[in-house]
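Dropping the structures in below, format is structure tokens.
Look for chain A in each of the two complexes below; its partner is chain B in the first and chain C in the second.
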Partner chain A sequence: MKTVTLTVKNVPELYLECENVNPDAFAGKTADQIAKLGGYQGKEISTLGDYFTIAGEAGATAADTKIIVNGDCTKMKYLGAKMSAGEMVINSTTDMYTGSWMTGGKLLVKGNVHSFCGLAMKGGEFTIEGDAGNYLGAAYRGDWRGMSGGVLRVKGNAGSDVATFMTGGEMIVEGDVDIHIGTHMEGGKIIVKGNANRRVGGQLVKGEIYVFGNINVMMPGFKPTGEVDLQVDGTNAKFTEYIGDLGERHPKRKGETVYGKLFLKQ
Partner chain B sequence: MPKEVTDVICPFCGTLCDDLIVTVSDDNKTILGVKNACAIGAEKFNHQRLPGRVKRPRMRQADGTYKEITYDEAIDWTANMLVKSRKTLMYGWASTSCQAMSVGHDIAEKVGGIVDNCATVCHGSSLIAIEDVGVPSCTLGEVKNRADRVIFWGCNPAHAHPRHMSRYSIFPRGFFTVKGHKGRKIYTVDCRYTDTAKCSDEFIQVQQGYDYELLNAFRTAARGEVLPDTVGGVPKEKIYEIVEDLKTCRFGIIFFGMGLTHTMGRNHNIDIAINLTRDMNDYTKFAIMAMRGHWNVTGSGQVLGWQYGFPYAVDLSRRDQARHQTGETTSVDLLNRSEVEACFYIATDPGAHFPIDAMKSSAKKPTVTVDPHINCTTEISDIHIPVAMVGVEVGGCAYRMDNVPIETRKVVDPPEGMLTDEELLTKINHRVDELLAKGGA
Partner chain C sequence: MSEYIIKNGHVFDPVQGIKGDKKDIFVKDNKIVDKVGSGAKVIDASGKTVMAGALEVHAHVAGPKVNAGRWYRPEDKHFDSHKTAGITRIEGGKSIPTVFKTGYEYARMGFTFAMEAAMPPLYARHVHEEIHDTPIIDEAALPVFGNNWFILEYLKNQEIENTAAYIAWVLNQTKGYGVKVVNPGGTEAWAWGLNCLSIHDPVPYFDITPAEIITGLMAANEYLGLPHSMHLHQNNLGNPGNYTTTLESLKLAEGVKAKNNFGREQVLHSTHLQFHSYKGTNWGDFESGAKEVMDYVNRQKNLTIDTGNVTLDETTTMTADGPFEHHLNSLNHLKWINVDVELETAAGVVPFIYDPDNAVFASQWAVGLELALYAKDPMRCFITTDHPNAGPFTRYPRVYAWLMSEKYRNERLNTFKKADKVISATTLANIDREITLYELAAMTRAGPAKCLGLSKDYGGLKPGMNADIAIYNINPDKFPSTGPEIEKAFAQVAYLFKDGKICVEEGKIVDMGKKHTFWVDAKVKENKQVMHDVREKFLRYYSVNENNYSVPESYAPHQHIISVDATQA
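Let's turn to the complex of A and B:
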């Protein structure tokens, strides 16, 4: 695997849309060719070379390419968006849409990420060592399909509206989450190792939500069905199982109604 | 001799009352009186004749004062600002006509602007919810003629839409509602006892911030499931009782306002209310409607919708594609993040409504405000361009809150030499064309 190292030399005045900073766009290119790739700042089209010092060269394919980004990326959007293979390590906090629409590969952000990250993710591994903003792994506006595959792990806290319209994949938040977790969820798994504020699983159709800490207010549409011993993300514990959202319409499988499930650690 | 102009459309709120009678002086220049309008609507007409009205564009001087300039100078300054800026916020549009909006959007496409309207601080969350789950709605005429159950949830038309209750929702007698108020049951759900609640048959006091849970409880009760003893401070017996009442009505309608759109959860409060409406249609006919406030904000959503596919916060900076993301391309977020380089405000007063930090950010950027009046926003603008009042001094198309287009009427002449929004925007558009042809951005 070949490595390209990007170091921020100019922080954008507005926000730079870095949709070309991913292994797929870099594959088969030299440092000079990468420097000529475009990026938008408002309506102005500039090149990556205007903002980054670029060293190394990419592999022949995305899978053979690793990208390391150093410097201040707080005003950079779309880093690692739509990547399908390869590796990317960002040693900074990033702005919106980081890792959105990922279909494969590994993305590691060593700082925080802003809102709309991991949006509609389909595959791959996305790890955030800091905190995440709102709409993590959710659907894009007007879409009804949020995260559908892959693994998204946040080592810090996450904001509100995480995993809205989630249909598959696995999201782990090791810290706390704010309101509206898994709203309209139709599949997949969310694990919250800290506390969840309120409105967990509102309008949940299918899928599983695990909460290790407290839920401030339970939704009235959830009903306890018993206790279960489970191993969740490497932890063995006893959980109270709920089904819901009983106010929502649920599909039937072989004559049985399929509900979403919420597991709350005792 | 003064004359009366009848069937005038009110240019204030989203109800667009169409039965106003305006008395005009014989020279067609001054409004002498307004009949049938609410106090707020009448005031809108009365502003036309207030002394001290600005009649020519003004430019801010170094000492902070304004100096009068010509329309041509103002147009040139504005076009240059739009062409030079890498990202411009073009916000407002709610008090102008759809024709003017269309010209404004043409400019935005050319200069890569972001077009946003008052929904961004109002019913934008309703529009997101409609994008997510659709909306079973109707016209206000259907409400007047058919509705026998009316729910006001988080809205207070007694103050915000003063004639809504008498024209459509509580008091009028309609084709199938011949008993008027006596034939309807009115519910108000709110966290405080409003003047609308005083006109209602039942007031349901929900704990602040628990609307989503209460709506969820309504849906859960409708499916016959067990509820906790209280939800959001409302006893479960009351929830079951209301749900059964709603199931057995002939035609029900939910009107909702800021109590849902701008409390915790925002768009999710609306999408669950829409889904409750959808559930009720398993039993009877039920509809839901946003209480749109700013006059033609619905029209702005319509025009943006058919031109770009999104009803507000439309980012045209790529010029070949439209993007929309609440939290990113919305005005307050753009200003708070200082993500725009210039601001163009038209037919709305963000200075009176936006958070102070957003306006502080705006004040540091080149800013043009197009408005008939001096307002909070003109005080932080580099240029203030006065225009004729749409719906008073010039006609044009406007949309009522139920998405019905209505052609508004001119009742008096604007001050001599004053441009309309559409004329001004057309001139700015031509100047932008000239600058771009010369190799502008």
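Let's turn to the complex of A and C:
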């Protein structure tokens, strides 16, 4: 695997849209060619070379390319967006849409990320060492197709509207989350190791939500069905199982109604 | 003064009966002429196809309903947007494109006119603002009348003269073009939580039937002698077994004669017929009724139709047929908006995915193509996708390719996941007809122009006509052998002349041209009764003042006014 190292030399005045900073866009290019890739700042098109010092070269394919980004990326949007393979490490805090529409590969952000990150993720691994903003791993605005695969892990806290319309994959938030987690969820798994604010699993159809801490206010559409011992993300514990959201239409399989499940650690 | 000679192109023009002969076309200023001076610029069209600019008879491209779709479907633009290039602005959206993309895409495909198919009179200003912002193509809009309180009250008492006077007033106030009818009676019934699924279901409170509304509006339309006929979206759209309703409503036109000075022969245009040509009792035993419907249409000369071809894409359905949109939403459980427009009409919007793996959608695709292939008179059958209801208009090239190549459509038909079911439910597999370029010119140019009452100036290449000309990279002597090649050729014109100006060159927009808004100014005898009713309804029920209702010239600054005098009628 070949490595390209980007170091921020100029912090953009507005925000830089780094749609071209991902292994797919870099594949098969030399440092000079990468420097000529475009990016919008406001309505002006500039090149990556205007903002980054670029060292190394990319592999022949995305899978063979590793990108390391150093320096202050707080004003960079779309880093690693739509990546399908390869690896990316960002040693900074980033702005919106980081790792959105990922279909494969590994993305690691060592700082925080802003809102709309990991949107509608289909595959790969996305790890955030700091905190995440709102709409993490959610569906794009207005869309009904959310995260459907891959693993998204946040070591800090996450904001509101996390993993809305999720249909598959796994999201782990090691800290706390705000309101509206897993709204309209139809599959997949959300694990919250800290506390959750209100309205967890609104309109939940299918899928599983695990909460290790407290839920501020439970949704009225959930019904406790018993206690279970489970191993969740490496932790063994006793959970109270709820089914819901009872106000929704639920599919039937072999004559039995399939409900979404919420597990609250005791 | 600009002059052009379009040299050696293969010309297809049903107006003059030219079927691909090599012929030079001369353009002077904004007109096609017999000859030009020696300084004229020569456009080499050898090995290319030359047709008049195409006319769209039915699409939803401007207005509050389209905009509702735009703002509640931000995801529609997300993966289909183009940045500015040259003189063009950002183009966004797939099924509900921005006004700019709408204009550019129509022009790239060789269109020079588009009809916005449903304008709520109360929001006419908004429609005209969007029309004004749509570049290059000429446009007009049809106000909706089929569920209007005034109309329902007048027709209940069979007051054709008052109905006509009211239509004339609305056309004048809203800068409208003709009489659109959507689910007559059904949309009003929807305000009561009901629908009119047959043409004999009474409308609640008004105690009138859809059949009476259709007959009455046809009579009023001919009383006025408008350029376009009544434009009908029938009752019971999209339900298995609805072809009987369709035939019943078409039969209402029997014996009605067209009366106008525009060369129009039909008295009823039945739109997106694909959605109205289903047999069976449910989606399980669903069958195509295209043959029965087209057999009738072929015999009955005072009808025109457009197809409403399903293109098998993700799209956004939007119609003034409010109850139908609610029904759709209960089928797919995606987003739904309903908009009620006071006394006049309503609308609904629902995103829709025509998944080719689904036997119903694949069959709908087949029905749309059958309609066009069964049409005996291409001057009375037009190709549409009821944009964006059955698919985005940008898919026209693909629809043309399916119609022009039996091989291409059979490839699609036989690779459906449920191909057996589609083949047994429809007759498409047995049709070997391939639409020719000449027939296509009739279906997309001469026919629509005649149907809209514009045949004097548009839809042909006869000297004296408007210089709206599309030149395609198609050599009729070596017609493209594969579907994708046909598609590509129709998606990007070699040249598009709009009013004698080159606006598109090899698919690239080079000039914004001069666009016009067409509307019909119908003069009627002074009618105190109608004006009294209008005033009273505004005072009692409308949320706006009468003076805030009309569309001032500043909203539609480039007008092309078609005058009609019905004072002697």
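Convention: the second predicted complex is superposed on the first by the 266 of 266 C-alpha atoms of A that agree within 3 Å, B and C clash if a C-alpha of one lies under 4 Å from a C-alpha of the other, contacts with A are read in each partner's own complex, and residues count from 1 in each chain.
In the analysis below, a contact is a pair of C-beta atoms (placed from the backbone, for glycine too) under 8 Å apart; a residue touches a chain by one contact, two chains touch by 3 or more.
Bear in mind the structure is a predicted one, so any value in this text is a computation, not a measurement.
In the three-chain model built by superposing on chain A, chain B clashes with chain C. In the superposed pair of complexes, A:Ala31 makes contact with neither chain B nor chain C. Once the two complexes are laid over each other on the shared chain, residue contacts for A:Trp144 go to chain B and to chain C alike. One of chain B and chain C touches more residues of chain A, and that partner is B. Once the two complexes are laid over each other on the shared chain, residue contacts for A:Gly42 go to chain B alone; chain C is not touched.
In the superposed model, A:Leu107 lies in contact with neither chain B nor chain C.
When both complexes are aligned on chain A, the segment of chain C among 59-67, 167-175, 275-283 or 509-517 whose C-alpha atoms clash with chain B is 59-67. Shared interface residues of chain A (contacting chain B in one complex, chain C in the other): 140-142, 144.
Taken in their complex, chain B has these residues touching chain A: 85-87, 111-112, 128, 131-132, 212-213, 216-220, 222-223, 225-228, 231, 264-265, 268, 271-272, 275, 310, 317-319, 324-328, 337, 339-341, 441.
Chain C contributes residues 72-76, 78, 333-335 to its touches with chain A in the complex.
Residues 139-144, 249 of chain A are the ones that touch chain C when the two sit in their complex.
Against chain B, in their complex, chain A makes its touches with residues 14-15, 40-44, 96, 115-116, 134-135, 140-142, 144, 161, 165, 179-180, 183-184, 198-199, 202-203, 217, 219-221, 223, 245-248.
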